[in-house]
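Below, chain A partners chain B and then partners chain C, in two separate complexes.
So, the complex of A and B:
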């Protein structure tokens, strides 16, 4: 498992997502694991992830951000949340 | 007249699991929908669900590109069906309820508007019996989630006429759906094969042979199922599964269709699957 943390990035979002996923999927997951490829996340659960992210991190995921690729791993979801929180003009 | 040339909306009767998913499919293809149910609460919930499902469909790349979603109108009044280009019935799996709704709809729509039942397994011809124009009725068995699955089992009843088949084929094409047409028979192809398997999967849990989690894990990991039988049962809705099995048992007398005690107990306890938040598995944040 890689845990490369860039300077200034704390991994609180990753940790929150990880404990949610471990709880829901009843299995260990790593930050970089491809959740779809490993068959852990179905297309139904993908939408639950969207709703969960929006609720937990108070963001709204619309337009171009609503792409499966953004939900592939804990890392990519965290990056999406960070981007939306920083208001970096996504979407 | 070809169904997709009609100007009117597609009417969907019943705003439950399937009615909302079918409405999402139609709206996502750019066609307008009139969604009818008996209660305003069901319709309000359906509107929220459809909004989420449209997002879900978009995320999964399941919508035809370049089309603006159609307009949704919800109603509790049958008169709103007048002028519909097609009617899709998706009320509970009870023959008498379906017949009542279909007869009412037939009284409001044009003689050449296809009347479509989304029954899981009640023979189309049995539903056609009380209709003023039985040739107008056809079965389309959309799978759940309808807005993500592009293949539809179409059931041609012995009295379904060619014009109805053509109109439905054109409607499905407008929805980017492919069809496999089968002959009328209890459970058609998919429910006849799937439902007894789901019933058996529930029995395995009841007999403590394996947990629901493990039954699903085995079917996914060993046999290539997408989600496993018990997650499928939860997605269908255990109340509807029991009703569908009962309808098949009643018509065939075959024990494999007799809803098992485990399923009946869950329905009694209100654990209906995804739609109630719990079935064989837990769903805390669902689509609604």
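So, the complex of A and C:
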């Protein structure tokens, strides 16, 4: 999945998210890092993160899609965004 | 007249010929009457915040307020030359108050009209009404608690905190730790109930059900052994935050029903909602019960929805929710969670002493749903797929 290139692909989504997080969290993060486990993400920031994803990628994240597992890492957020864009019937 | 019952949480004052007599820029020796000063002090003591929206040069106007001895009463003053609707909007945004909770007083009909046009929910008053404001129902909170009396000072402490935070470089969590936060969760005593009631009335953003519980109802629930009314208060090195949350829980056999969680918007940035939820989930895990939570979406409580969802609450079906029946309010979602062990928060010290003795799970609560199925007909039964 991450071998595709160009905007809208997983790797593009991941890069976009990474630069946002590095800027916002003032620290380096990796694609697979558990952002909640490592204490980088507060519940206040969780809200910001949800809204940021919705705005940047023009998706709407509701219901059971709001589960923490979807936001744990850059990788899982990118998968969520892709799933919502593909309209694969999540949630 | 339902409008009148909505309490004003912040009054924004014009200065010239409203707060004081005279026009500063025209060189008048402006005067603050004792009667107006009394209004300011009285509203402050009731926990109503006050601010300023004035067309003046900032420095001389603020110096004048200081010389008159009232500057300390005004938060987030907007003294400049922009439209007043913008000033009022910024004040409401900074305080995170809905426009319905904000009032504006100005002697100029044009200024009132400008604010009313852009912010139709903001209540506007003329200078002639100033002395009568404390007598109006929207400026008369049902109860005035210790927390209301110190509310303005708590906000001021919070601004100092925020200033320190924006100067802080490093991860948010390190800043939170530097605050030396302490959260206390305890059963609501009679004295706390007024604070709790005030909180549910004032809290719109972080109220999970959007339901206001009256003092009478809360008192009844406190006396009801099947209900727990818990009060959450917080403090840090800048001072007390006062009562910042309330949690209403009904303990049923096999599952606990979280009917309400409301937290003050003042403590949102500390992740208070998540800390409380994780504490409750851990308590439920220890007691071997499931958790069911009511959630009603409002325009302003998405943050709370995210806190619930991120804590693990979901709409997945479970025997305990389906057997419980549908909520009386069709807009209320019933969320469910199978508790697991949660670690103590890393950003604050959590003290939960002083819980009501009835809190200690009775033996039958400490067993798991699947183990009790046969011995108690009336309890919610679990399905074979329902595992803990």
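Quick notes on this one:
Just so we're on the same page, the second predicted complex is superposed on the first by the 81 of 91 C-alpha atoms of A that agree within 3 Å, B and C clash if a C-alpha of one lies under 4 Å from a C-alpha of the other, contacts with A are read in each partner's own complex, and residues count from 1 in each chain.
Here, contacts are C-beta pairs under 8 Å (C-beta built on N, C-alpha and C of every residue); 3 or more make two chains touch, one makes a residue touch a chain.
A quick note: this is a predicted structure, and the numbers were derived from the prediction, not measured.
When both complexes are superposed on chain A, chain B and chain C occupy overlapping space and clash.
Using the contact criterion defined above for the overlaid structures, shared-chain residue A:79 touches neither chain B nor chain C, since it reaches no partner. Look at A:26: by the touch rule set out above, it reaches both chain B and chain C. When the two structures are aligned on the shared chain, A:55 is found in touch with chain B, with no touch to chain C. Judged by the touch definition given at the top, the superposed model places A:64 against chain C, while chain B stays out of reach. For chain C, the stretch among 61-69, 79-87 or 259-267 that collides with chain B in the superposed model is 259-267. Applying the stated touch rule to the two superposed structures, the overlap between the chain B and chain C interfaces on chain A comprises residues 26, 39, 42-44, 46-47, 50, 66-68.
Contact residues of chain B toward chain A in the complex are 52, 55-56, 58-61, 145, 148, 213, 220-221, 226-227, 231, 235, 274, 283, 285-287. Within the complex formed with chain C, the residues of chain A that make contact are 25-27, 39-40, 42-47, 50, 63-64, 66-68, 71. Against chain B, in their complex, chain A makes its touches with residues 26, 39, 42-44, 46-48, 50-52, 55, 62, 66-68.
Across the complex, chain A is touched by residues 169-173, 176, 268-271, 273-274, 302-303, 305-307, 309-312, 314-316, 346-347 of chain C.
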